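Accompanying notes for the structure given below.
Chain lettering (A, B and C) follows the sequence in which the chains are written, and residue indices restart at 1 in each chain.
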Amino acid sequence: MSAPATKPNDRLLWVSLVVLGLVGLSVGKFFRPEPIAEAYVSVTTEVRTLVEEAPTNDGSTPAASAAAAAAAAPATSLASGEAAGQPADNTKTQPAQPKRIWVDADDPAIERQLKEGTLKRVPDVAQAVWDVRTPIDNRATARAQMAALEKEAEKLSAPTDPTGLTKEQFDQREAARMAALKVVEEKRIVSSTRDSLGIWVAALLTLGILSFLVRDNPFYKVVESILIGVSAAYWMLVAFWSTLVPDLFAKLAPDLVRATMLPGLAPSKDPTQDFLLALIPLGLAIMLLWRLMPKGGWIAVWPLAVVIGTFAGMRLTATIEADFMAQIAAAIKPAAAFTAVPPDEAAIAAAQAAGTVASPGRAFDFGGTLAAILGLIGVITVLIYFFFSLEHKGVVGKTARVGVWFLMITFGAAFGLTVMGRMTLLIGRFEFLFGDWLNVAK
Amino acid sequence: MQPRKEQLPPGIRGLLVRLGRIDRRWIYLAVAVAIGVPMLAELRLPEVPEKKARATFEAIESIPEGSIVLLSFDYDPASEAELEPMANAMVHHCASRGHRIVFMALWPLGKQMADKTIDSVLKYYHPDKVEGVDYVQLGFKTGNEGVIKLLANSIDGAYTTDAAGKAISEIPLLANVRSVGDFKLVASISAGYPGAQQWVQYADSAMPEAFKLIGGTTGVQSSQLLPYFPTQMEGMLIAVKGAAEYETLVTEKYPVTESPERLGIGRERMGPQLVAHLLIIALIVLGNISMLAARGLKGGAR
Amino acid sequence: MLQRTIPMLILSASGLILILAYFSPVTVVWSDTVVAWFNILAGVAFVLGAGNLLAVNLEKISSRRPGWAYAAITLVSFGAMLVVGLGKWGAVPNPAYPDVHLAGDQDSTQSAYGWVYEYVLSPLTATMFAMLAFYVASAAFRAFRAKNIESILLLGTAFIILLAQVAAGAFLTNWIPEGEWYSFLRAERLKEIILNVFQTSGMRAILIGIALGTAATSLRLILGIDRSALSKG
């Protein structure tokens, strides 16, 4: 192992890296048209309006009528409002709350329904308006689109020349121009400072991690601490939103969850049963988290037992089927290989005479058979090598030696593929640094 | 006490011994140059698709047009460089064939990987596809193989809502999909555990004839999955090479005109890969030559 | 009793339900319920991990152990991410329910959570693993020595795979014609043989061994012969 580099060399290295970095960044800033860390987003504005289904003549709402019609149970009287026998539904067949939904008022189908009166805007509820920013990957395309939109907007901003037009024609053209201008102005492509800043942050963090290659340093340690903190929180949040909320809390308090987090949650067929059954994983979860408490942490063994038992039970049958029986079958089945060959003339003639089509013949595939037998020898010799209850002497020893050779080829190939994998990961990072950050590579 | 200075043999032999003891940071620099220079020079080479890539391509081509397929994104940003190209190509292939895609993830960050592919490939090249009808994003669930086990019996055992919170019962695409057996094809783009191996063990073993199973894997995991091909897995893409070959096949049959680089990422990466591999071979050879040169010296060969 | 026997019984019961469900379709409902609980507990395990991280780092800060400043940075990052993620800061409203803030989507870079994912977590995770490329090169140079026949086999195979996986292999062996008995020496054919015959058979044997080991360990756990998994600590 070589001695660690002496301090003066390290200082020189850091200084030269910083100087190189500054020179490179200045060249980038002043001599190249494309800026560093460019990011573009296309911004669209979404507007949603709260509408409710207008009641029909008999006092029920269209949705309620549909629910009644779809019910498998014998028809119940709408007026009496008997809901027995029907599945629990948000809309009951009583003259109660009409169904309210948020819709895009610009959608032609919705516009028509609003005009017809089947949908009615809910008064005193403001429209929901928000911007959606979609990042644009290809910066050249984004720049081109931005320039084109600017040019188009400039062209459309100039008022129509009224010379030689009647008032009607002028009004028509002005209306068309204003409509086109509205469309162009709504299609916004902007340079995103938030994302440019993000690219800078990502680049600095990447360089921080890579600085460990020179030597362990405080910059690396800071970046590592950030990674640990952020990833622990992120994984916890992913587990919370993806599993705990819909699968645990939604069963324990469905109405609360529907009101605050998952409004699209379908009503349960049997909420009481769901609630009672959900108490068990809730109890187990509390027991598992109790491990963090100073006293009584031993109770975490109970949910651990569930986890280990389930895991063991699942794995037992799955591995025996997929990794044991199926593998043995795959090892011995193609022991003699044949390839299909087109039928020869005699076979075709015979088939034609009989009024059928000649089926392809078989030819012994020497290569395939050799491969299959070699494979079988490989499996058996490697298994013998791993059988340590027998002493590896004599015939067993020699067979085990052959097994070792097969294993060496296996591991050599695995090494080659591992190197390939690791190199690709680094290529990916360099693509980010040179492409997304420094903007020198595509 | 200072150790006695080692007497190195003169000439080339001494140089070789010294080279064998070089500070590892020079090797790191060599790796950086081996990857950076071909990348900046945009080294590109043609790819000839081989058996496994062809088998994967055929698996998706052979199922009837408009089939419902399940794509499981079982990887995270750590393996994105290897697996994103194959994910992009696979989604473009399925969408071009008119297959309807159900996205899911067994890794916590897998959902973001799927979202990235949906945004950059599905929405970009196939803007006519409607969410809920042509594709749906189910998202991530904790439990690793437990999720696969539940899916094997019923979809709504594992997922009650999609990733956006819409109830499964209200998604038209999943109206006739009861369990994983109702898919014609299941693809796992995987980087480790849980991944393609678990799909073989828990889904394919439970219903071997129900669907075709294909896997896209990293170089590291590919050794584990080779025994499953071709009996339990109908197709397999190994590392970025497999991705590049598969991209070639897909873009040949379903070419794109706008921003074709999204479906060429794998092929782009093969250029620096070539130089990196040659460097590794050179390093191993140099290391061994240095070992031979150092034989017989005090301190021995390293 | 509470610490050993009951957990043992719970373990055996869960395992047996799963195994039973494999053979008897009638019991699939029970096994699905147990697996659903398993999935929920897997989610709770993430929360436990985060809680443990909090505990360890708080202890480090309070006892002012060397490097406690880094623990503080970890906690600040953790806290910031948690607040941002639970409150869904800047989330894009759900088009169907824009009045329910927590129903919004926070996976795009528009939200704080998505921004941190895209520009902090993703590059950091990727770079951590990309570092392995450097280590693999350094290790290959320093440790990969062809000293005996086994290591020569290993090295030789590695060289063939490394070359055949890139254009170099085809470049070196394209002059060998197809269709002859020695065509197997072409790089791509050699690679196929190594992967499909040798590596597959070696890995197959390893897989069979692992399957037997897994089955044996699972059975020992379920039957209560092996109690080490539930012991304290």
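General observations
Note that a residue touches a chain if its C-beta (ideal position, glycine included) is under 8 Å from a C-beta of that chain, and two chains touch if they have at least 3 such contacts.
None of the values given here were measured: they were computed from a predicted structure.
The touch graph of the protein chains shown is complete.
Across the structure, the highest number of inter-chain C-beta contacts is found for A-C. Centre to centre, using the average C-alpha position, subunit B and subunit C are separated by 14 Å. Multi-chain contact residues of subunit C (touching two or more other chains) are listed as 35-36, 38-40, 42-43, 45-46, 94, 96-97, 103, 117, 121-123, 125-126, 128-130, 133-134, 136, 140, 155, 158-159, 162, 165, 195-196, 199-200, 203-204, 207. Residue positions 134, 213, 234-235, 238-239, 242-243, 247, 261-264, 310, 314, 319, 322-323, 327, 330, 410, 413-414, 417-420, 422-423, 425-426, 428-429 of subunit A are each in touch with at least two other chains. Looking at subunit B, one finds that residues 24, 28, 31, 35, 78-81, 108-109, 111, 141-143, 146, 149, 164-166, 223, 227, 239, 241, 273, 276-277, 280 touch two or more other chains. Interface residues of subunit A facing subunit B in the complex, by the touch rule stated above, are 2, 5, 134, 137-138, 141, 213-214, 234-235, 238-239, 242-243, 246-247, 250, 261-266, 310, 314, 318-319, 321-323, 326-327, 329-330, 333, 410, 413-414, 417-431, 434, 440-442.
Contact residues on subunit B toward subunit A in their complex (touch as defined above): 21-25, 28, 31-32, 35-36, 39-40, 42, 78-82, 108-109, 111, 119-120, 139-143, 145-146, 149, 160-161, 163-170, 200-202, 204-205, 218-220, 222-223, 227-228, 231-232, 238-241, 259, 261-262, 269, 272-273, 276-277, 280. Only residues 46, 48, 50, 101-102, 104, 128, 130, 132-135, 194-195, 198-199, 201-203, 205-206, 209-210, 212-213, 221-240, 242-244, 247-248, 259-264, 277, 280-281, 284-285, 288-289, 291-292, 298, 301-317, 319-320, 322-324, 327-328, 330-331, 367, 371, 374-380, 382-383, 386, 403-420, 422-423, 425-426, 428-429, 432 of subunit A touch subunit C when the two sit together in their complex. By the touch criterion given at the top, residues 28, 32, 35-36, 38-40, 42-43, 45-46, 94, 96-97, 103, 105, 107, 117, 121-123, 125-126, 128-130, 133-134, 136-138, 140-142, 144-146, 155, 158-159, 162-163, 165-168, 170, 188, 192, 195-196, 199-200, 203-204, 207 of subunit C touch subunit B in their complex. Per the touch definition, subunit B reaches subunit C in the complex via residues 24, 27-28, 30-31, 35, 45, 48, 50-51, 76-81, 108-109, 111-112, 115, 141-144, 146-147, 149-150, 153-154, 157-158, 164-166, 223-224, 226-227, 229, 239, 241, 270, 273-274, 276-281, 283-284, 286-288, 291, 301-302.
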